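Think of it as A, B, C, D and E in the order they're written, each chain with its own count starting at 1.
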């Protein structure tokens, strides 16, 4: 028998019986524009990103410029949030820290996101011994309490931004891998995945074009809160003396440095703390919103 | 059968943990012998110590020795304190276990009512308010929360000790309240979020509707039908998060000056006291494995379906 | 006689369920589908009918037996061409289409990857495919959530047709659809058979649907075929007691006020511990002692050569030729 | 005049979806005589299940009853509030489409049955157990002693549905509401469950409301039938009469679109178009965009269920044509005429199931 | 040559400091209360001291390591041990709160004319905690053990001693191999503590689990690996009426906030290492007194002379002149520390206030750099231990100053163990550390920091190699004439100031917080604090 011959008779009897339908204009975008979480979160994160980008103009002083004659000044018109122990302008440092922290958060999360998604996809898609081995590795890494692992790794790879980067790369991918693995398992069992396979498509094509677009959503949503976790972990490492190198302005070290003055200059640690909280709120809202918007109907 | 299967599954994980811990720690730069002997140590003295500790043996020999010791339930003798790590760890375990346990209790006591209330009042004001909790809570570093709690409750109000864990059982509990609260606040956001979703699912289930239509009291509907079904996801979630709670002890024990496993680990890692770090990390990881196992088993006992999946 | 398009020889498929046992989902099934033929596979849930479909498309690896399609023996590893030869249409329209891909993306990908048409013809071919299943061209731009169940099922059929398969496996293609829509899909199958000469293996629990579309019908019970015959022979003269029970139990518009009474007790036994002898004997209204001991083979119900123009009517029952003492029913 | 076992009047339910809300059940009224059964037929999303839940007082959070009254043997039941469901005990009981979700997965089935006698009827633990075993036996479960201690997941679909029925019977209801109780079951099991329902009805004098999408089932089981489309009743009447000569184009369409074992092998005739989204119900007669009898006034006139004698009622403006002419012929003629392209706009709207 | 981590704001360090071991050899204990001067305002209750009570001291760093027991002669004794040990054992001499050497167990001493033989007469009535009297045999045995034991921590201080003999029950004779001015001062080091001869026949392990000494307290319990140590009154203490408190508890509280908060809440009565940043707010608390005690301590910014840049004297001088020590102490310690100048702390004997130190002078700095081999500047790094707030700030100030010359510093933080390892193996370019003199004689500091060959530390791990200067240092130790020594030490200070092998940034005092219930508390310049004179209200 030859390939099915296609009659192009226009409207067949079935076309008459066709149920109605509408093809709407880009629905995801419209949904995004109607999603309150996404809009609020987007506004918050957008503002922060804008501040970060415009830091050189918004900051009124060089964040590293010391003025040892004017340390620990109270907020004034000259220094909106006062100065720190080295007479540096706190507002300027806060603004530059936004740039640093957001960039750190996003870049640090990038590798675990990519690697974890890859591993999770492979484990979930191929199953069998690949899955068994990868799952056990994931289990092993998950067995270590988060901070215990991060701290040990920071000792192994060294402090500073490089150390943080590597430590998170090694510790953080498992969460993505686990999430993506389970969503991939679900996706793989969907009929459309079976159809793609029996359509003669290669595994690589099925993974990249069919499975990933469905599974990556969750990873993206988690990545949003993960950025906050990373900022928090950096803050906490700073507290334990393993954090960012001075004099880089960073909310974490500002919280940490400021806590010595908690009783006399409360804002020194509270305001950077609030910045982390606001970032957290913004990114969580974006995450929630994205989850809503990207969820297929 | 299910129990056996779960136990078997844990074996490769435990082995993996052991391997990872051993080799990870060997990668940490810094010589423990030099660290212990200090400024005036001669190279000969350092070498003698290294020989005694077997630090110059090939790594595989060291690993084999380590496994042998581990088989006897020990991770060796602390380089720094010259006592068995088993003794050392055993003396610290009560603090950490009590802290984690109390923190778990607190997180449940805080999260469950909040989540339930939010779910019952879905989309109304209490729900919206409670849903803000995870958003705000997510971004607060626990050492900072701890500090604020100390300033507020210990310094300003004088209700709790500033730190430490006292001598008597009552003092232990009393001293652990703020630290446990600090730890708990670290996971409450996640718990509230997931529990609310889980609770909503249960509340909307048909069997809850059926229970109501039987004519039984609403309290029984909530406590027997809803609670029991919501229990399993709560438990599982808590099981997963206890790992995080344990990690948080590293920070919280420091903030509140508690001498538990977390502070032992921080000290030991600075001292390059490998046997102790090995012991503590293995204990931490094993605890996580055991807790996961126990929560799974309890969940299976509560929900008989789990045994099949 | 021409070589059949699809031949299943003594196909077996087993699954191990942890903590439960080994499930013999398909337990020695032989079946042929000729080119241009629609063969119905009926049975209740868990009888293994879907597993057979999945064995053919390669989603399930048979534990024994062979699948020969269009002269190709389909094994565990299949070339793209082998995979294309049989295409599946699924029951659940909600999961049968990738929610993230537009209809065009789905179709065009298949056309391009397999180089089924020259690159510049892809769009035209997509439209043709849409036309074939009675969907307008604009539908190419849509995403699954924008379509109703029936429309999705049409798109799924178009996707299956895109790779020019020899055989379509339709697994409960209408059971998830609203009654008023079911008919349109059934007609589409009918139409495709007539126009494309497509062979279809129609898997369904719905006897009416099977009766409407099929040329030949196989009734399955617990992993094996209980009865196999040409459509009319089977519905007019069912020989396996199970087939009769099924027909009895099916709701019919013509039987107002009569509650069906299949005379059947209990639930199907588990596929882990198949009953001894005839696997239906535990529930069979006509079972006798022999049935619990001796497993009946699938054998012709009539002695002698097959009737002209038709295939043999087979049944797996010791009393396929008629119950002892009673005259054999004839069609 | 006898007091109906169940009287539903003007039941209207609104469901909030996002910021908008729509009527999922619109002015539904019917009465069920004691020891009789009534079938409610309609396709997915027509509101048939929601109407049952409203009667049972089990509406989801997003839905509320905006009008209507429900009475069982003359006793009015409240339709709002958390206590509504509890008030049904002794009057109404309901069984669900999927016994898998309607049984508490972590409670032994025996206990689920015994709960009502023990906690509501005040029986002792032992008596409640006896009662539960009795009910299990009653619904045809062999070996009830063993089944008492089973969890739902250990049971087959058919057995679960029997357990569900036992739970329903435990509260000694007068009316049993059945929401597609056999849709998830195999035909042979379906037949067993239907048999059981019929037997129970006869033995206990139960009245039954039977919701389904399959006309054939209603035909076999119910004396009366209500056909529902897009939240409204479009036709009611004694089942044999309705099935024999439908007086609404939708009923006719349903009958003709189903393939049936008893029919000659003629092609089923689908109803053109698809179900409207309940939130975007067409104006006038909601069926008009798919109707072969539709005229422009169908789109503008509000139609109501109108009595036609012999207990029958239809909500079709053109019901007199169906009374006088052969509906099948009309339908076929219309289908032939429509082979030419149809205005897609006229059939716009998803079928609401996404 | 004993140097020490700074005492405030060290964080988790000193467990590693313990690592640093000999490193924290802190000064011997001060003399009896009779000579005590109220150096700072801590305490001050009048009248008869009250007897009884438990004194709880919150310490910043990890106390005693049980691994080596409580052996005062052992190398691995750290800062934490010292403060426990010096309450249980005593050496022959001590440093009082004013920094003067005082005889503790010695009644009088004579020196032979060649300066090689010292004869010491012991006071009578000195007993060990088990009630036995201290004899010359005990003293000779102890000093010989201290100077010869392989693990002896500070045995290098005793290098000039050839032999120690008991002449009779109350007289000890010390024979030197060369004239040695600092001898008596050396004998005040805690590690020359007096133990009973042959450890009363016990094994080391037995003895040091339940040690016997002459100090005012005895060990009661050792818990939580030294995080909680309790000492009890020595009922046989040879100075009658003392100590006043029944028990002393040493509690590890490494977190600064915690320690200060516990002090304020009264959970502890004494807190060491008060962060300078909190001094102001603590002073406002009426329940707390802050004691700021001058110390023989100096914070140094040190160059690695093995690195080309810093082998260049002009580079070192240039950088030294970018460091505004006054500003550093102002911003890092709020003026509590004194600004640096000479590498000798001002309170140390032979400190020369007229030392020609390099002052902050950007123009001169630029000129010096221009004259160097690296006129355009370079990239380098500053190594600091992680978690040290003050040094972190100091490093940032140095970083900012050097940037003016085009020298770009990166601040590298390592945890204590890695930090120690790094600078001891010369794997650094510059680092910040602190040196402290543990005894009254400045020879310790001078040789440690100027004698590359014999100083024991390659001039504090800078590898500053100046043989002529080292000669002067050695000569000064052998010189018995005070005036001549003063001249020599002025010369040493001047040479170092001009050569700038390292920069003295500041002289940090020791800061303690006490509750107002505590009286009689003082810290000597070596950092030791005796507790027999402390009482609780």
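Everything below uses one rule, namely that a residue touches a chain if its C-beta (ideal position, glycine included) is under 8 Å from a C-beta of that chain, and two chains touch if they have at least 3 such contacts.
Please read these numbers as outputs of a predicted model, since none were measured by experiment.
A.B. asks: Show me the overlap between the contact partners of chain B and those of chain E.
C.D. replies: Output, common partners of chain B and chain E: A.
A.B. asks: Which chain pair shares more contacting C-beta pairs: A-E, or C-D?
C.D. replies: It is C-D, judged by the count of C-beta pairs in contact.
A.B. asks: Just how far, in Å, is the C-alpha centre of chain D from the one of chain B?
C.D. replies: 52
A.B. asks: Need the CA-centroid distance for the pair chain D / chain E, whole Å please.
C.D. replies: 91
A.B. asks: Using CA atom averages as chain centres, what separation in Å is found between chain A and chain B?
C.D. replies: The answer is 24 Å.
A.B. asks: Could you state the distance in Å from the CA-based centre of chain A to that of chain C?
C.D. replies: 47
A.B. asks: Touching at least two other chains at once: which residues of chain C meet that condition?
C.D. replies: 136, 145-148, 150-151, 181, 183-184, 187
A.B. asks: Find every residue in chain D that makes contact with two or more other chains and list them.
C.D. replies: Each of 270, 274, 344, 350-351, 354 in chain D touches at least two other chains.
A.B. asks: If a residue has to touch 2 or more other chains to count, which residues of chain A qualify?
C.D. replies: Residues 11, 13, 15, 17-19, 21-22, 155, 240, 259, 262-263, 297 of chain A touch two or more partner chains.
A.B. asks: Of all residues in chain B, which touch chain D in the complex?
C.D. replies: For this pair, the touching residues of chain B are 122-123, 204-207, 209-218, 220, 224-225, 228-229, 232, 302-305, 308.
A.B. asks: Where on chain C does chain D make contact in their complex?
C.D. replies: Going through chain C, the ones touching chain D are 44-45, 136, 145-151, 178-184, 186-187, 190, 205-209, 211-212, 235, 245-262, 264, 266-268.
A.B. asks: Which part of chain E faces chain A closely enough to touch in the complex?
C.D. replies: Where chain E meets chain A, its residues are 11-12, 256-257, 275, 277-278, 280-281, 324, 327-328, 330-332, 386-387, 389, 392-393, 395-397, 399-400, 410-415.
A.B. asks: Touching residues of chain A toward chain B in the complex: what are they?
C.D. replies: So the residues of chain A in touch with chain B come to 136-137, 139-153, 155-156, 158, 225, 228, 231-232, 235-236, 239-240, 252, 255, 259, 262-263, 269, 273, 276-281, 284-285.
A.B. asks: Which residues of chain D touch chain C in their complex?
C.D. replies: 43-44, 142, 156, 158-159, 186-192, 194-195, 198, 213-217, 219-221, 239-240, 243, 253-255, 257-263, 265, 267-271, 274-275, 344, 350-351, 353-354
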